[in-house]
Each structure stands twice: as C-alpha cells, then as structure tokens.
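Both complexes shown next keep chain A, but they swap its partner, so chain B is in the first and chain C is in the second.
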Partner chain A sequence: MDIVPYLLLATLEGLVQASVLMLTALGLSLVFGVMRVVNVSHGEFFMLGAVAAWVCANLIPGPPYVPFIAALLIAPVFVGALAWAADWAILKRINYNPEATIVSTIGLMYIIQQMTLITFGPDAQAVDAPFYYTVRFPWFGYSGYKFFIIAVAFVLVGGLLYLLRHSKVGLFMRATQFDKETAQNFGIPVTKVYSGVFAVGAMLAAIGGVLVVPSQQAHYLMGHDPLLLSFVVVIVGGLGSIPGTIAAAILIGMSDGLLSVFFSPTLAKIFSTLLVALVLVFRPQGLFGKAGR
Partner chain B sequence: MSVMRVEGYNAFYGRSQALRDFSIELRGGEVLCLLGRNGAGKTTALKAIMGTVKPASGALWLDDVNLFGRPAEEIPRAGIGYVPQGRRLFSELTVWENLEIGLLTREQGRDGLDYALELFPVLKERMKQRSGTLSGGEQTMLAMARAMCITPSVIMLDEPTEGLMPSAIAGIRDAVMKLRDSGVAVLLVEQRVDAVLPIADRVAFMDHGEIKAEFPIDEVRENTALLHQYVGVGH
Partner chain C sequence: MNTIGTKKNLTLPRRSLLKGMAAAGTVLAAPGIIGRAVAQSGDVIKLGAPFHRTGIGAAYGRWYERTALAAVKLINEQGGINGLPVELIIEDDGTDPKRGVEAVEKFSAEHKVDAIFGHLFSHVSAASAPRAGELKMPYFLCSEAHSLAAGAFNRYVFQPSISDVKSQVSSMAPWITDNLGKKVTMIYPDYAFGYDHRDNLRAAVEAQGGEIVGDIAIPPTETSYTRYLPRIPLNTEVIYHVLVGPGVLTFVKELGEHLGSQRPEIFGFIDSLEAVSFDIPQLAYLEGTHFWEAMPRYAQPNQTSFDKFYREKVGVDANGASVDDPKSVATFSHMFSVWETLFAMKKAMEMADYKGPKQKIAMLEAMESITGFEESNEFPQGRKIFNGKMHQSFAQQNISKVVDGKLKVVHTVSPEDTLYPDEADYTKMSF
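Our next item is the complex of A and B:
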C-alpha cells in the first residue's frame, strides 16, 4: 500500500480540523486568560455563527459566495454584540466571580440553545459552500473550500497575534491579563477590556461556525463538540496561553485527522481525552502554561 | 500650595473598618511620609486613594477637583502616579511595554519618560528585556519610571526600598529627592524609619486605619521618642 496519499489526506483533514479548532479555542483561551472566566456558553457562539450563515443563505439572493461573504461579516458582528450584551447583563453584575460565571454561562448556553430551537426548529440545515473548486493531487482531488478555511483561520489568528503584540488595545489586554489591579492603577478601563475580550472571543467562535457549516450543517446542538474540543485544547496548551492554544489546536487537530484516516474517529477522541488526562497528571499547567501563575 | 487633599476617608473590608476618617494634605515639592506598624492601614490608604479599595465616604481633592467616587481608572488619568508595594510590574511584558502603559495613561507626551530615563539611565539598556528578569533595584526603578511616565502631580510610593540592597536604596532615595525638587508632591509609605528621615519633609503616623499625629521632620529628628511612641522603634 502506498502510504503517501493517505498521509497527505490525513494531514489535510487534520489541518482543516486544527484551523477551525484554533479559532474556537483561541476565543475560549482569550476569555479565560484575560477575564479568568470559564465560558461554558462558548460553543453556542460557534453554533450561532453557523445558524447565521444558514439564515444569510436563505435571505440573501445571489450565487452562494454572496450570502457566505455576508455571513462572514454579519455573524461575528451579531454574535459579538450578543456576547457584549451578555457580559453587561450577566458577568459584570456578578463581578466576574469565577464560580458564579461558570453557573451563569451554563444558563446562557441553555438559553441560546433553546431560543435557537424555538426560532429555527430542530432540523439540521445544510448550507452550500461559497465555491466549488477541486485541487487535483496525483492520487485524489481535494476541496478547494477546505484550503480556504485553512487560509482564513491562519490569517485571522495571525492578525489577532499581531494586534495583541503591536496595538494599544493588545497591550491593555495583556496588562489586564497579568494584573487587573495594577492595570487599573494605570488608567486601563478593565471592565471595558473585559467586555471587548468576551465579544472578540465570541466573534472568533462565530467565524469558526460560519466556516464549518458547508461541511457540517447548522443545528442547535452543534456547539457541544467544539466546546469540548476547545476545552481539551486550552487545557493541553495551558490555560490562557495564546501560543499554547495555537500549538495544542494544531496538535489535537492533526492527531484527529491522522488517527481518523488511519484508524477510526473514535480512537482520535480517545487520544485527545488521554492527552488531557496525561497533561493534568504530569503537567497541570499545560504544555505551554506557567506553573503557579 | 496644596496639590492633593484627602478628607475623611472611611473604608471597610467586609465588616472590618480599615480606614477611619483618614485625612492628609500634600503640597507640591514636598515628601510626606506615612509611618505605622504592620497592619496600620497604610497600603489600604493608598489603595483607597487609587480607587481599587472603594472608600465608603470622604473626599479626594486634586487641584480643586473632587475625584471621590470616580472609577479607579480615572484616578491615574487625573495625575496621581502610584508605585505599589512589591512593585507589581507586568513581569511578562518588556521594560518598554511597562513604560508604554504609563505613557498611555494620560497621553501627555514623552516628558515624563525622558525625565524618568534621566533619573534611571540603566533602563535605557534594558528596554527589550522582560521586566520580570530585572534585578530588584532595577524593578523598583522601572516601577517608579512607569509611574513618572504619566507626568503626575502626585506620586505615591508604597515601601519602594523593601528588599533592596543599601546601594539600591540610596539610588531610590536620590530619585525621590529629585522628584520632590521638580515640584512633584510625594507620599511615601515606609516601614524603614532610617530610609525616611533623610528625605521626608513631614511625617504622619498611622495606626488602626487613622492618622494619629503629624509632625514636621525636624521635630521627629529632634524628638525620637515620637518614633517609639507611634511605631515602636527607637532611633
């Protein structure tokens, strides 16, 4: 058996998985890192992105790329605004208390899920890919749209990293992450930073949802798997560590792709769960996290 | 002339009263030293002025503007610089990024930064270094420089000499005196009486969250029994 085509296919599938995971997990990691909030409703922001793409596909006429581009713009804005409102209405009121935020985001998760169910029904909804193009390899053809997903994800993550490193907003976010009180002592509006971070985290998840919907269908329960995998990535990478999250997303995504192609998707899930267990036992701060922060 | 006036600050941690009618007045170009035993409420007083501990009542006048009740982030923007106990640098950020945060607080140009680098030239060579990797003395210099970057009219220092070598303490003391000479009002919290006596203009003694007495420094130097009475040390 020639292993090269299988390896290439597994790598490509892994990269697609890693790209979407990177976006979703980065949102979760950013929110935890800066705000110390474990956002259990994060998967619902992903789901809302996918549902928004389906709504755009039904409401906006024209070739499939028109509603898709509209969804890429509208979904993050809508979901970001919703997250901003949730921060204002819930998290700010409970003073970002870590335990209380877990309970309240569980509540938020159910509210978003049930509202989506009531509004759009229980059926999974398919959305056309914005374009159909096949990249030909000597052994098989591969969806050009999946390359597009990888490109969009890496551009967005690169942009976010640049923003964090080289902008005033990024500096404020990092300062708030390291020491909230001292940040306030230097005029940084910490509650505004929190609101912004919560919205940006949700926007990243929503974009992940839009990108994934042509291959997965939109459904009100579709947020569970991305949430769990994002938690896996964030724990493996190191809570709140952005480079750790990126590296862990690539590790988990790639291993998922390789194990699914060569063995079975179930084994891939077993591997990621085992990895979390090993990390928690031998390196609880995560592969890239710092101990005792 | 009075630059900052704190009137009747009362603050609580739960049911425990941490500040009782705390009142002080600072004039431009002077060093007021706050002395007191451990747990007297000195750090709480500074945090209450900075707004990170919310006072229940009182008034905070800075150049005739009452800042009481304003959000914590507005206090430094009004011109109060703060060097917290333990320095509290953003240790994962570089020296430059720490200073940049100070510069962005009020966005009043680079005068504060230029003056800080004139006082602490060693920081110029460390701009790209992570601040957590600096020596203790350099970290204190950076914490002071960061506060100076906001071009404050008042600067509050909470035990800046804590854990420093004698040579580093002398450098910090010189910097405080230069700051005072430039017209800045300095509120200095210290445990070490010997570090205070050479540079303070006035001393306020604090106990159980309130100011018990206030003296010009000459009186304290002449009557060291005051030190024994209020902070339990001989001199």
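Our next item is the complex of A and C:
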C-alpha cells in the first residue's frame, strides 16, 4: 500500500481506539480525581457493559439496532447500580483508605470476572452491530460502525465536560475533588457525591464496552487490556485531570493506531508503556496534572 | 449424609453447619473427589483430562469434554478396558501453561490417575509434557504442535490421533501453490503453534517454487485485527490464515471488510473458524475460499458409517453443530482426537493386559509397537500410520471449499503423503 491509504487507515484505527479509551479512562480518572480511589476493577465494568449488550441482543427481539440502543441505556444503568452497591458495601466501609481500596477493588475484579464466567460462560460471543455499512475507500474497506463509535464517544465526552463545568452536580464534584472537608462544610453531600462519581465512572466504562462489542466480541477476560490502557492514559494525562485524560487518550490512541499499522501492535504497546515510565520519571504529576497540593 | 437440622445436632448447630458447608464446598469445588471416594485404585482405570474449560481455548475445551464423555461412556458400555471400568476425572487448566502443569501434578499426586490425555493448546502442552515425564505419567496429547515429533518431549508423551502441523502443512502446500497461487501471505498466532505453521509453510512453499511475500504474527489474545491487515502486500495471490482464541470470528469478519470484493485467494486452517458458524452475513465473502479440515465438519456425500456413528454418539448433526442447539458449532476438526486417543490408549492397555500402574511400562511399550489404526468406529477420522519412534500419528488431510455456505471436501491427502523423515527416536530414551 502507498503511504496515503496507510496513513488513513492508521488514523481511523487510532481514532476508534482513542474514543473508546477516552470513555474508559475518563471514568477511571474521575473516580481517582474526586475520590482518590484507584479502581482496579474498572476494566470489569467495561466487560460487563459488553456482556450486557450481548444479553440485550439475545433477549430483545427486533432488528439489531433495537437491542443495541436498549443496551446503550440499560448497560450503564445496570453497571452503575452495581458500582453504586459496591461503593456502599465495600468502599464506604473501609473509609476510602487508599491501600485498602486498591486491594478491595482487586477482589471486586475477580468476583465480577468469575461471576461472569459462571453465568455468561467462557466463550466469546458476537453481537450484531446496529447497522452494517462498509465504507469502501479505493484501497480498503472500513466498517461504518467504527465511525459511529467515534461520534458517540465524542458526543458523550463533550456532554460530560459540559456537565462538569456548567451544572450544579459538576460544581459539587469539582468542589469535592478540590477539598473534601471544605466542601462538606459548605453543605455538599460528599458521601453522595462519592457514590455518584463511582457509579458514573463505571457507567462510562460500560458504555465503552457496549460500543466496542459489535466490532469485537464479548468475553469474560476482555476487561484486562482496557484497564491497562486506561491506567496508561490516566498516568500520562495526570491523575484526576479531565482535560489531561482526554488529551492523553487521543495521544495514546493515535500513536497506538499509527505505530500498530506502520510497525507492529507490539511496538505500540512498548511505546505506550515507555511513555508511562518517562512521564513518571520526568513529570510524575502527568503531562497536564498540577504539581502536588 | 449431613445431618443439619436433625435433633441430635441441635446442641451444636454452628459446628454442624460449618461441617455441612465444608462438605458442600468440597463437593462443589472438586468433582474429582467424589469419584475417588467411590473407586479404590486397582478396580478402575482412572484417566485424567486437563481440558481448556475456561480461558482462550474454552470453545475447544467444551467440545473436548463432550467428546471424552461420549467415548468413555461407550468404552464402559462395551465392558471397559480389560474388564475394568474407566473413570474420567476432568480438571480445568484455564488454557494456561502454569495451571496445565498444576493439573498434571494434581492428577499424579492426588487423583493418582493411570494416564493423562487431552491437552490441546501448544503453550500449555509445552509446559505440561516435561512435567508429566518427570512424574513418569503417561501423557497423551490431543494437540497439533510439532514439538513431540521433533523430539522435544520424553518417552511418556504420545500423540496417537491428530497429525502434527509439519505433516499437515507440508502435505497441503503443494496443492496451495499448484491451485491457488505462489505468492503467499501468512497470518498466524504469535506463539509455538503459529511458529510451526510459519516455519513449515515457508519451507514447503519455497520447495514448490513459491514465495512468502507477507508474514503477519498476531498475539492469540488479540481482540482487534484491522490494524494488522494493511501488512498484506498487494501482490499477494493467496492469504494463508490460521488463528486461534476467542477473537477468531472478529478476525474473519474484519478480513472480509478489509479486502472487499477484490480479494486474493484465501486458504485458511479451519482453526480460524472452529466453533463458529458460517451462517453469518459478514462471512459471505468466504464463498469459494478453501479450508484445511482434519475431519470434515459437514457430513459429505460419501460419509462413512464410522463418521455417522461418531456424530451420533457425541451428539453432533450433519452440519457439525450440536444436536440440541444448531448455533453451538463443534470444534470438529480437533475433537475427534480425544475420541481416537481414548481408543488408542484402550488398545495399548489391552495389548499390555493393563490392570494398574504395575503394567505402565508394558503399556507404553505396547503403544510404541503399534504401527497404525484402521478406519473404524474407534477411528472415525480415518486410517492412521503410527510412528512408534516419534510417538506421532499420521492421518489423512482434507481441503474443503466453501460452496453455498458449507464446506465441501475437494481434495484429500492420504496418510502416506503426509509422512516426513524421522526426527526423533523416543524408544532410545529410558523410562
């Protein structure tokens, strides 16, 4: 192939990767930023989103877009409720202690994974895309559905940013992130904000899962890669920094796409891991993070 | 058995409750233990089956288990082995090398089985086979990796049913270069099994005057494939693909999307579509492409009575899907190896009048003395040539074409044409 189609394909792949990453990493970043909780089970919420989409596709009749739209609504609600319950049952009890939350979310990760294995089974399951349309470039074909992923992700992230900046809920969240005690003194229901943020973080991952499943397959182990990449993005972007996370998701996603296509996907993984190491050494607060408060 | 709720235990409800819970937990956690309590060693032949119930090989594991259960049932109905009933003990190895080794150790130390069989994925068997040798445990592969025939393992390891990749590939390659094209791009999984394909295909294609123009290795845990596909060179005449893992359907779909109507010839190992139905709109582009099959998934017009018998016993219909659920497609080109391996073990045990571990060496030597198996209900895939020195079987291979969404066998290679010069002699090793 010439350089132009190569570049086009790499950019498209990178954009798809970046959009899904943006959603999952934003969830992780939000949870860390506001609650200071490193949520290791985040990838499992992503996986649950994908599995929920498969369940919807099997239970809801009609053309493929009906169960898909249903999944886009039901999966985040279900996963959000589960996260809310996990926050209430576990994180709240251990007082959001940083070390304890890491260990307990590792436990949560295994519980979710094994529960899915028991109920959903060990096989990879395909879900029909809401529509099939192959965009035919002169050199290669590309799934039209992947353009849809990009669009939905950007709309959702835009909406979230707007919400954070211009709504009362966003104000509460930002205040809690800035200073928990002071926020509480000003009458902000910090515990409710915590539960809400944990649920919203999980919902973002679940939407990522729903979006990805028609172009991949639902599998009980699929949460692993998104978790790692989300961590990479969040560290590079600066823990808790929303604009940083978005920028890093695009940086990592695009570089992953370009390197994968031009060289090899393994090199792309090496690059992103190296980037994390370099960021940690030379700019521990992340590219966009503010130095320690 | 447990007495929760009866009057005499009311004084110690907590302890009895705990006991009951522990008992229930044990029963749930270790199905093997029930069997062990029933049968003492010596009055039963115990076979350990480490299957890929979970992990990336789960689709294969499910069908391996189903096939093994059917075969053992049949063997027991026919009076067992040397008058002893056969008991099957299954452990999940998670398609993970470490757990594969643990399963071998557990079978040896805890279940004290007579032999182990059923490992498929080559990274698992590569780790487990040496451990089986150390434990002096007969270990029968239902895999395709070339390592055994290449002499990498030990005298306790056998592969009496399915052919190894070297024999499959070298006997297929002339047909590919003669009928499809000489400029080949290969796509294969990035680990041992894939390297067998890479190395042997390159050698075989070049021997035919062909050329490998593209070489794409994909990690078996990959979930998205589009970004690998631009590396298919434009001058490719044949795409040769063999992939495993949970993402195979995605791979085949994305390959179709990428290529469009201008596709080159495609030759795939059925591995890329094992347990996957052809009945999916995005796979329509596969019409007219070719696949290697060890055993034809779709019953052919010249179906043997043995094939029919085997399908009936395992519960597979003429389309290679479960009789209970037409959507559940079998791993038909691999799972016959479980069936045939069990009957090969039975034959060796009968030759050695095997009653227990005392006749273990005699049984292994009997296995080495076997020269082949005739096509039969016990060996429904076809006649086998067994090389006792290499511990490896050589079987017929099929090339099938996708016609009207079904696989139709268009070329068959006889077992003799899959042979290659000996690469190992395990009979010279000590037990």
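Please note the rule applied: the second predicted complex is superposed on the first by the 290 of 293 C-alpha atoms of A that agree within 3 Å, B and C clash if a C-alpha of one lies under 4 Å from a C-alpha of the other, contacts with A are read in each partner's own complex, and residues count from 1 in each chain.
One rule holds for everything that comes next: contacts are C-beta pairs under 8 Å (C-beta built on N, C-alpha and C of every residue); 3 or more make two chains touch, one makes a residue touch a chain.
As the structure is a computational prediction, the values presented were derived from the model and not from experiment.
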Which of chain B and chain C A:171 touches, first, second, both or neither: first
Between chain B and chain C, point out the one touching more chain A residues. C
Taking the superposition on A as described, I'd like to know which of chain B and chain C A:6 touches: first, second, both or neither. second
First, second, both or neither for A:266, with chain B first and chain C second: second
Could you tell me if A:122 is touching chain B, chain C, both of them or neither one (first, second, both, neither)? second
Once the structures are superposed on A, label A:184 by its partner contacts, choosing first (chain B), second (chain C), both or neither. first
Shared chain A footprint, chain B vs chain C, residue numbers none
Would you tell me which residues of chain B are touching chain A in their complex? 50-52, 71-77, 82, 84, 88, 90-93, 97, 100-102, 104-106, 146, 150
Along chain A, where are the residues that touch chain C in the complex? 1, 5-6, 9-10, 13, 117, 121-124, 126, 132, 134, 136, 140-143, 215-217, 219, 221-222, 225, 257, 260-261, 265-266
Going by the contact rule at the top, pick out the chain A residues touching chain B in the complex. 168, 171-172, 174-175, 178-179, 181-190
Under the definition above, what is the set of chain C residues touching chain A in their complex? 53-56, 58-59, 61-62, 219, 221-224, 226-230, 234, 246-247, 249-250, 254, 257-260, 275, 280-282
